[in-house]
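Shared between the two complexes below is chain A, which pairs with chain B and chain C, respectively.
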Partner chain A sequence: MAVAHVPPSGTWYGATLKEWIFTTDHKKVGMLYFITSLVFFVVAGLFGLIIRFEQTAPGIHLPGMFGQEGADLYNYILTGHGAIMLLWWAVVVWGGGFANFLVPLMIGARDVAFPRLNSFSYWSFFGASLLVLLTLLPPNWIKMLWTGYAPYSMNDNAGPTSLYVLIVLLYSISSTGGSVNMITTIVSMRAKGIGWTKLNLFVHAIMAASLIQLFGVPALMGSVILLFTDKYLGTNFYNPMLGGDPLLYQHLLWFYSHPVVYVMILPAFGVFSEVISTMARKPIFGYISMALAIYAIAFVGFETWVHHMFVSGVPDWTRVLFSYTTLFVAVPTGIKIFNWVATLHKASIRYNTPMLFTFGGILMFLIGGLTGIPNAMVSIDLGISDSLFIVGHFHYVLGMALTFAAFSGIYFWYPKVTGRMYSEGLGKLSFWLMLIGANIMFFFQMYMGMANGMPRRYPDYPPIPEWVQLMQIQTVGALIMSVAILLSLINWVKSLWGPKADDNPWKSPSLEWSMTTTPVGPNNFKKFPVEVPDDWHPYAYYKGYHAHI
Partner chain B sequence: MAHEGSHAVHHEVSPWALPVGLSPFFLSLAAIAYFTWKMAMVAVVTGGIGLVLFILGIAGWANEYFSKGHDEGLGFQGIVWFVFAEVVIFGTVFAGFWMARVNHADVWVREWIPPGGMNLALVALLTLILWTSSFTIWKAEHSIEHNDLGGYRLWLIATIILGTVFLVLHAWEWLHLWAKGFTISSNMYGTGFYTLTGIHASHVLVGIGMQFVLLINSGKALGKKTPARAASYYWHFVDLAWLLVAGTAYIVGSYGKF
Partner chain C sequence: MRKILVLLALSSGAMAEDIFAYPRAYWENSVTVWFWVAVAIYLIVAIPSVYFMVKYHYKPGKNEEGEHIEGNTALEIVWTVIPTIIVLFLGTYSFANFVKQRQAPEGALELKVTAFMWGWEIEYPNGKKVYTFFNQVADPEKNIYLMPEKIDDSVKAYIPAGKPVKVYCTSRDVIHSFFVHEARVTEDCVPGRITKLWFQFNKPGEYWVFCREYCGTWHSRMATVLKAVSEEEFNKWLGPTQGAQQPAPAEQAPQQATQ
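And now, the complex of A and B:
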């Protein structure tokens, strides 16, 4: 591998353009992932605003163009909002951005296990991103919704099937490479003295998420490969006329696409744990149960997928069985929430921006989790399935919990990554606006689904005054949220010129804070190989330990 | 990759992951251009770019690893995890095949099995060839463990030849069945049969590709034995998968009309 020398006082980001493009360094690859993810988050957010624009008043307001109608544009925007938010933001911001940057630092490794494979994964993800940008051209609009249910997705009116399939495939190649890399790194590259019970919970979360990706993504690949062969090569997998079954598509899709919500939320839980323990100045309560709960969620997550198909025509006994398994997820999740509360109990909490975003994220997760219980019960779900209630529910439990966690994590590690301190005032303002906006938006979305029976996905609705009002309230919430996100984006850019940060501004014993310079140097650690004292623990916030830091 | 210490501060780079990483993008463009945009020329050009990027990238990547890399022994673990993912990909096609076999058992046996049934003697021959190759690659691995480069090359070449013979015979079998009117779109048996065996054959091809890369770089293999172990493990997986693929596609598929 070619080696370019820079002065020993260098920073991880102080490299030439060529070194950035050909980089195999986990920090730079992580940053490339992160920037790409953030750009697509903004794009998908704008898509969400377009949906609000369309729904604020009855009727179709989006313009038709290039032979396609306004409703076609709406379907494209809806597909794009879902697919990009889930795959490009919710999964990649963790597995690509945060995990790449932080995991080697947290386990005391110089890099990931396969640095070139890491770079390969990014560039194939980049290729998938270019394919996504191709869909912006009207003839390439994908209008089959992000799930791409067969046989609808084979219809030419639903958009170019091949483009959808190949976007998913490229994404899957990248993600399989990434998860093999992360798992091998965590299993084999931990520094001496860092056992499985001394790993950051964020690392445990990434381990569990990578295992889910490794076993789940191939099912998604299978579902779209068969879609491709059905449409273009004449196979019959989803064709009931000759022995196929469209339900097979749903089973394969949800076998991955349910567990993937834990790929998105487990790292968010990891961030909550890091931030709570650090800002409460206490070791995380029940560390072992926290770690086991992560793996329990990952395991049970593979046994619940049919709850997405309660109205798809599956046998009653499956519906009952999967209703129970779904409710069972609440047990390990409850363990985590109670442990966070117990960690905060009698602590002197620092209410700074990362902590506020973590509180907000847990609150949103709690509301989303509790509204998930009626969804898991078949008899109730039959009534509220495909209504706006479910849309509000998953925006709480997934969209908001995860975005709050990501923002919390960005603020939390901002000093370590950039070497500068973010603006606390602007961060807190952004938090409060986001909390208020998100609750206005998604509470009334749930309300409309439950109380008024407004179906999801529809661009248009009858001009009932109450419905129009409810839609307008949601739009106000969405606008407040947009301002909040904009404020945070401004904060992150502006603070690049902010005050210099210390090596360990949070006084944390976790390796990424205590053993590196700020910003991190190209070789990660001040001393390598990393050595930790016997009584070291990433959450060692007990009296006397801080002599070590 | 240098893991030794903090004495040299440098930015790790490699020019080869980028072309290999971008090749799926160009190959995808080719597929989309061919099937959806109906622009055959664009498909040929982008497909060509994708293939060139892939082959050059892999060649450069392997050369860089064998010339300058460090063997840290992690590649074996990496391929073990990767094989788990492969098992699930196979599982999706098996799921489709078995669902149809169970749900449509009557019409399957009555109408879908090609007249005369399947050529089970050929399956036995294919199995023999593939399992012999499992032995030869084990011999190759064994040779390199004992620093016997000559034996390593010889057994690698034997494995490549056996794999290629398997593919050729398999292709001949496909053409033969296709000519009899048993095609990929006839019914779910045809669909399942060609997809299962096709996906398996594509894995055989990938395995041969790995062995080919090993053979080209065999001169520098003495200090770097993990790739040989990893390729061998992958090949054993492909051979073991054949048991399930052949058992399903041929025996379970044509059971009732042997």
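And now, the complex of A and C:
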């Protein structure tokens, strides 16, 4: 075995630049994904701030350039904010960053099943990232939004369709490679004694998310390939003038793009479960129902896509049918929330930064979940479809619940990854500012969509005094949130020189804490193959169990 | 739950005379029911959470570890079954309102709407057409939206107050959406298809119509104004019907016979 060739005293990140580029190590690939994802998160966040400034007062304020209007620049910024936040942050931070680093450590494996495929997935993602940067040049502005609805996306007003298609295809290749890798790793590389009922819920979440990707991505690839052939090769799948149907695009797109929201949020649920159980020093309440709920959400998620098309002209009976299926998603998500609350019963709760971010994230998800119901109730959706209500809603769930979870996860595993302890004070300050800012921003966004019926994707709007006020309040929230995110970014950089962390600062029986050094060594585990006692469980937090750690 | 329903039935009965717009009234029914259900669920989750968070705070030496509790099957069944029932109730309540929101009453004024980048063409049964372009709803010097009272009456679509209006919508280029703002109803205008919606304003006034499906540069200014007026004034504005425009009634009779 190759074990002997690697000095066991080194750290996982100790390597030359050449090694970082040609690496197939899951930890390094994970970190490459994570850093890329975080950089794009910051870029898309700045795009979001530009959107806020544009909307703060009525009228178009962005400058036009290179023959394009200020409104075109807004449309480009909006496209960039949506596409990058969803695909570069919400999906990749989990499936690329967290999953790559953590899944092999959590199941007791030396690496993922196909390390070279893993590296290839990253570099095709990197290629897609470079193409995204190309769109910064004004002639390349893509203005078809991340959804790229046909036939608008074939119109020259929408920007270069070919670039959009190429980005999506490269991205899809990376997603498919990544999900194949995760599924194979989880199915076949678990250490002896780690059965399906002894997996971390984060691993279950990655498993379910990878299955969704594997089934869903082909529909997305199909939808954009047909778009490409329609525009450049003269086919007519979507062009109604030639007998095509624009709704075909929406069906193909949402067949992937609705389930993909669970690719984003299930790993966030996984992090909530890890952190809540660890910081409350109690086994997760109802482990089996928690795991089953994850797979139930993934399954039901494939039956709900038409709720994105409730006012698109599909038949009325279809809308009613999908209204019910969409509402059913509330049942398994409800189970998860109730189980998290029950986990706190008779617990011993430590209020540190990861726990605060998890509580905040669950709160944001609760509000986001309850405000998701009107989008599923077709009767309400007729009045709020494509309004700011839906924008506020998905910023509660995908925007904030997910980002709170990611921040919680970053703080939680920071000592294991870097070997250093983050600053608690700065982390807590960042949390409180983020909670306040996010709620000011997105609550009033939802309110504006429901009570005032303000449509979304509007850089300009009538100067109704109440609308202007509500927009200004949102901008205040967004500024507070930006400060909070900046504080966390400073914390993560500054703490690289912070105090050294123990091997298992959270006293967790989970393998990534209990069986590795801090920071993780190149061989992952102190002892390989990993062996666990019969009564081992990742959430075995109770008196007496620590004898085994 | 039943109490809320009774309250709602009472309140909607009391308001029946001064309903402002349809299908907004049905929409508001569903919103009200959702809102109280959501508030109730929020409290059911938030109150125990806060209680546990305060009570089971870690105190060194007192509660170093949590209790060894792994679950409770009965409880877990309860919070699977009850949400299922709530979900079925909400779906069915929404279904009942949805039917009314989609079903235009008899005798509605029928409009043909054609959306384009970026504006609206609204055609009346007698062939009269109203066009609104994106630059007509904004002040070009200040680069800012005009309020309805400042917009030229010639680009406004008149409708009779107190009478249902049914819209058949399509598009000339990309997908748009006809959003009757104060009536809280929208439907996409898809090229190659005809979609429909209906609404009714009971009070005379001027009401925005916005485009609600993203359609490019001037999506945010693809608006028009509906001017709801008394039926008498509306008929005066609309002018003669197609039948009356015919020069001689005698020529009309054979046409009808051949139909």
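Quick note on the criterion: the second predicted complex is superposed on the first by the 539 of 549 C-alpha atoms of A that agree within 3 Å, B and C clash if a C-alpha of one lies under 4 Å from a C-alpha of the other, contacts with A are read in each partner's own complex, and residues count from 1 in each chain.
Keep in mind that, in the parts below, a contact is a pair of C-beta atoms (placed from the backbone, for glycine too) under 8 Å apart; a residue touches a chain by one contact, two chains touch by 3 or more.
As the structure is a computational prediction, the values presented were derived from the model and not from experiment.
Aligning the shared chain A places chain B and chain C next to each other free of steric conflict. With both structures placed on the common chain, the touch criterion links A:L17 to neither chain B nor chain C.
In the overlay built on the shared chain, the residue A:K282 is in contact with chain C alone; chain B does not reach it.
Residue contacts after overlaying the shared chain place A:D245 against chain B and chain C alike.
Legend: residue contacts after superposition of the two complexes on their common chain; A:V331 is shown touching chain C, with no touch to chain B.
Vertex at the C-alpha centre of chain A, arms toward the centres of chain B and chain C: the angle is 100 degrees, rounded to a multiple of 10. Looking at the shared chain after the overlay, A:W123 reaches chain B, while chain C stays out of its contact range.
Judged by the touch definition given at the top, the superposed model places A:L137 against neither chain B nor chain C. Of the two partner chains, chain B is the only one that A:L226 touches; chain C does not reach it. Once chain A of one complex is fitted onto chain A of the other, the partner contacts of A:F525 are limited to chain B, with no touch recorded for chain C.
Chain B and chain C never share a C-alpha pair closer than 13 Å once the two structures are laid over each other. Across the superposed pair, chain B and chain C both touch chain A at residues 244-245. Residues 23-24, 26-27, 29-31, 34, 37-38, 41-42, 45-46, 48-49, 52-53, 56-58, 63-72, 75-76, 79-80, 83-84, 86-88, 90-91, 93-98, 101-102, 117, 138, 142-147, 173-175, 177, 179, 181-182, 184-188, 190-193, 195, 208, 210-221, 223 of chain C touch chain A in their complex.
Residue ranges on chain A touching chain C, taken from their complex, read 58-60, 69, 71-72, 75, 143, 145, 149, 151-152, 155, 157-158, 240-241, 244-247, 280-283, 285-289, 311-313, 316, 319-320, 323-324, 327-328, 330-331, 334-335, 337-339, 341-342, 344-351, 359, 366-367, 370-371, 373-374, 376-380, 382-387, 450, 453, 455, 457-464, 541-543. Across the complex, chain B meets chain A through its residues 1-3, 5-6, 8-18, 20-22, 24-26, 28-29, 31-32, 35-36, 61, 64-65, 68-69, 72, 74-75, 77-78, 81-82, 84-89, 91-93, 95-96, 99-100, 103-104, 107-108, 112, 183-191, 194-195. Note for the complex: chain A touches chain B at residues 1-8, 10, 15, 18-19, 21-25, 28, 110-111, 113-124, 126-128, 130-131, 160-163, 166, 169-170, 173, 176, 179-181, 183-184, 187-189, 214-219, 221-223, 225-226, 229, 232-237, 242-245, 248, 251-252, 521-523, 525-528.
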